[in-house]
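Below: the structure, in structure tokens.
Naming follows writing order (A, B, C and D), and every chain is counted from residue 1.
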Amino acid sequence: MPKFDTPARIVEQTQLTHGIFLLTVKATAIQDSANPGQFCMLEVKYNNSRDPLLRRPLSIYKTRANGQISFLYKEVGKGTRLLSKRRPGEIVRVLGPLGQGFRLIDDRPQCILVGGGLGIAPLLLLAERIKQSGKLIILIGAGNASEIPTIEDFSGLTRYFHVATEDGSLGQRGMVTDLLAQTLQEITGMAQIYTCGPWPMMKAVYHMARRKNIPCQVSLEATMACGIGLCLGCAVPRSDSHGFLHVCQEGPVFDADQVHWEYNQ
Amino acid sequence: MPKFDTPARIVEQTQLTHGIFLLTVKATAIQDSANPGQFCMLEVKYNNSRDPLLRRPLSIYKTRANGQISFLYKEVGKGTRLLSKRRPGEIVRVLGPLGQGFRLIDDRPQCILVGGGLGIAPLLLLAERIKQSGKLIILIGAGNASEIPTIEDFSGLTRYFHVATEDGSLGQRGMVTDLLAQTLQEITGMAQIYTCGPWPMMKAVYHMARRKNIPCQVSLEATMACGIGLCLGCAVPRSDSHGFLHVCQEGPVFDADQVHWEYNQ
Amino acid sequence: MIHQKNQITKSPDLSINIGPLRLKNPVLLASGTCGYGAELDGLLDLDLLGGIIVKGISIRPRPGNPPPRLVETPCGLLNSIGLENVGIESFLRDKLPWLRNVKTSLIVNILGNSVEEYSEIAKKLDGAEGVKAIEVNISCPNVKAGGIAFGTDPEAAANVTRAVKKTTGLPVIIKLTPNVTDITKVARKVASAGADAISLINTLLGMAIDIKSRRPALANVFGGLSGPAIKPIALRMVWQVVRAVDIPVIGIGGISTPDDALEFLMAGAKAVEIGTATLVRPGTAEDVPAGIRYYMEANSIQNVEDLRLPDQQTLNPVRYPSFPIEGLPMQPL
Amino acid sequence: MIHQKNQITKSPDLSINIGPLRLKNPVLLASGTCGYGAELDGLLDLDLLGGIIVKGISIRPRPGNPPPRLVETPCGLLNSIGLENVGIESFLRDKLPWLRNVKTSLIVNILGNSVEEYSEIAKKLDGAEGVKAIEVNISCPNVKAGGIAFGTDPEAAANVTRAVKKTTGLPVIIKLTPNVTDITKVARKVASAGADAISLINTLLGMAIDIKSRRPALANVFGGLSGPAIKPIALRMVWQVVRAVDIPVIGIGGISTPDDALEFLMAGAKAVEIGTATLVRPGTAEDVPAGIRYYMEANSIQNVEDLRLPDQQTLNPVRYPSFPIEGLPMQPL
């Protein structure tokens, strides 16, 4: 799979709600070959400064045929703060598309996407892809409505769309796992779960899936230096206790039963 | 003398010629107490980056009664490049006014200002001050006209105004020391020289002044970390071979005969 | 939340003891980066700090090294000031009076090229009104032993410690150099020799070359590296020394924010010194006690010493409650 | 100007010898930061480099340390990968074939926990087609000597060197750890033990604490610091070792631009390795030979080895032709 490290011009930088941004850049080569669940490494340092040193991994949220890619990201620290200050017309270096994305399983006509907070970022491309072929169920959870400002991107894709927020500001009051429990009671037939969100949420989703014998793919995060398998820094313990998964190269998407969920992040 | 370390809003950032910029910030407290020949330390790092680490010293070029200070600077490296990217409305931290500026000598009605290249930066405020009290002779030299884009700021201040450029693109072809030699032949009576520019130029000016027994003040540069006497990094050897002058605290302006001119920068 | 917290916790206590010396908070200014204090007048309220450690003083004035003395490096600063200072006589006469009016603890950093020089200067400080403690810089070359730094030889370090302790009643802090294979060896020797406390780290030996002029960027060729770049090394050494000795440890190296200071306090440092960060922004240190207090309030920590991480948990981080990975010995790297 | 230059100088020669090994230019990829080469396919043209040094290989596969294994620091990176690698068998079977097709010199970095392990793996590499040299990482813990790194004990370092030299006919490069008081001592021992070349530095031991979770940021507590932050320390050590031994020295540490590389070459390094910079931008190394060539052309330097600064001039920088300052001895700091 080809990867590209290109200077990309910023087309749009929008603050959606407090601390959440949508960044769109022009990077045709990357857009061309991007698959759902893949990510990019974005340079966040400014000009010829060397601090922060490392790039930051962000999932590919959206692509457009004109070579544009969008990232949906949250300002959590130094790097994302600097990135959020960059303006249209400026250049950021982007390396991508990286990693193994979600795998579509032919015999699974019902796909359940479970996203928590900004964990929805890698799920949009996937949802768009599934929509073309099978039944799409989207379940999204967050603390409150402002944490998921791009919910409309998803809601139009399927009529099986449900939201839960902990404070009840949008959709059902509660957790996304409540939605999943309800869904798993209702559905019949072969299904496949795809999930991304905080570790405890994904762990819960995995256990629910396992009880129902539904295969589950998870998109993991790990601190990364290179994003392309050079440093072996992005390790996550394997369930078989034989060493580690490498999130940037073998992931970020894994079959959930490969992952050692007792690992205390 | 009070010093202030204030966040200053950028009012103007203009590229005058290739690589030369005029930056104007609002820093009322500093403007209020600034004297000719003093300088400021400007933060050049972006946002919460820590590289480049140190601030950069720049002479106070102009002040306006409304609290504005201007700096005339050249992009020579990392720090000045980053500074040149900053835009009006943004904030830079400025520490100043710093150091000992030029001293006006009461019994010297004729003042000769000798500036080389951007060495003119600390001389404008001085020229404005002298204009009020005595005869002002301004001599400016540069490689070519584009190195001294703000020459009009000076030319209106006195009719004793001469320029030399090495390529003849402005004024007389030659060096500013040629102009000084001519001037020294013409003038009679008590005089005082003030100079700032490259080390070899200042050295030459000093020697010419000495031969004519005219006192000479020079504005020196040195690599600085703090700008306020904390680190003792900005040393320049003393002419009496007893240790060092400290540019940020005892200078940047010195009587030229205090300086060890054989020091090979 | 804030209301509730106020009901259950008292305002955090930031005061600490360094041996017999009580400091109102654990934030000090590091030697060589705060002049003799007066230079900061109006830019930093010294009264808000735990203490100030003035520029290293020698028995006679020293002119220091020829310039260039400074070069910036990535997130760091190389300096070869050469320990320029006014000498003890001028310090006592010209600098000390101003410092007596500051409401913070004054610590004097001293240096010498022989054990005798260290003793001599410590003796002169012993009776000096206003001086609360001595910090001994042992990174200096031991002229008698061929110029090897006192601090790289555990025996020599212990000798200096004993000599200084003998000549002064003031608390003695020994400041270690990081340019050694095993800093705990020096630390242990210095502690058994009677030091009241240990501070670390001094600068790491480095250099830079100016490729334009094709010569070393510093006239002295080598210089000492300081600033954020060295923080990870400093923190590791502080962690090691805290676990090797029973006397208080003061952490130094690249601290420029309250968060940086908290890392050192969590590693077990009793106090911290702020160096290069003061050069970059003179007011830096002022914000640090406030930031530490804020963190303590937010985390309901009563005493600043309770910030220290428990050794057990952290030396064997229990991140895998039941996690046997075949052949997984912890590695030093 | 350019026209005139072309008339008087030939195109600069960037090729160098590391012992018996000829490299087309002095720019190598550092072990542990370029995987096994194939990961860089399409992002970096390995053919443009002097060589590639693959991830450290041990006798058996190693899983490495638990995560978190990485933390960013100011201008630096702390890692505690724990020397995870596929082991020599899998390397020879799965990785080497791809590497044989690359038109650059392949150097294999090896590691062990005993002298025997080093020998054993060197023997397996001896006949391997495509392998041009061995780089020996001696920062590993010497299990028999209680876990002290081989590289911090000059004797142990010499023992490893002798053992590896005895079992292989390949050129042997010994890679030194910087976590020592006097790196020239180790360098001299290693040189007399028969090393063909020395490379330095490996990472500096450091740590970070996550103040939010209140525990060390790395599961392993300590990690190795690399990146621009360490460049001044690396350059100083290279300068020292170049002047202490007669064998070629390869400089490593924080190199991310041609200018950085030029500093090391001017310090006297025969070649340089690029590590962390490749993680930050995979194409970094490609630009370095080009940048060196450009500098040589602009300064009419014919051979890359002529970049080295003359010792005399620079060790006693003659910046003051006649400049006697009273009591002005050059200081180490």
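Quick note on the criterion: a residue touches a chain if its C-beta (ideal position, glycine included) is under 8 Å from a C-beta of that chain, and two chains touch if they have at least 3 such contacts.
It should be emphasised that the depicted structure is a prediction, and the values quoted were computed from it without experimental measurement.
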| item | value |
| --- | --- |
| Far-end chain from chain D, centres as C-alpha averages | B |
| Whole-Å gap separating chain A and chain B, where each centre is the average of the chain's CA atoms | 54 |
| Chain B-chain D separation of Cα centroids, rounded to whole Å | 44 |
| Gap in Å, rounded to a whole number, between the CA centres of chain D and chain A | 37 |
| Shared interface positions of chain B, touching two or more other chains | 50-52, 237, 242-243, 263 |
| Shared-contact residues (touching 2 or more other chains) in chain D | 63-66, 74-76, 79, 81, 227-228, 319-320, 323, 325-326 |
| Pairwise touch network: line, ring, star, complete, or other | complete |
| Residues on chain A engaged by chain C in the complex (per definition of touch) | 50-51, 237, 241-243, 260, 262-265 |
| Complex contacts: residues of chain A adjacent to chain B | 45-52, 78, 81-82, 85 |
| Residue ranges of chain D touching chain B (in the complex, touch as defined) | 74-75, 228, 318-326 |
| Chain D to chain C touching residues, read off their complex | 60, 62-66, 73-76, 78-83, 139, 141, 147, 149, 152, 179-182, 203-209, 211, 214-216, 219-225, 227-233, 235-236, 239, 254, 259, 262-263, 266-267, 295, 309, 313-315, 317, 319-320, 323, 325-328, 330-333 |
| Contact footprint of chain A on chain D as seen in their complex | 32-35, 39-40, 42-43, 55, 63-72, 74-77, 79, 81, 84, 227-228, 256, 276, 278-283 |
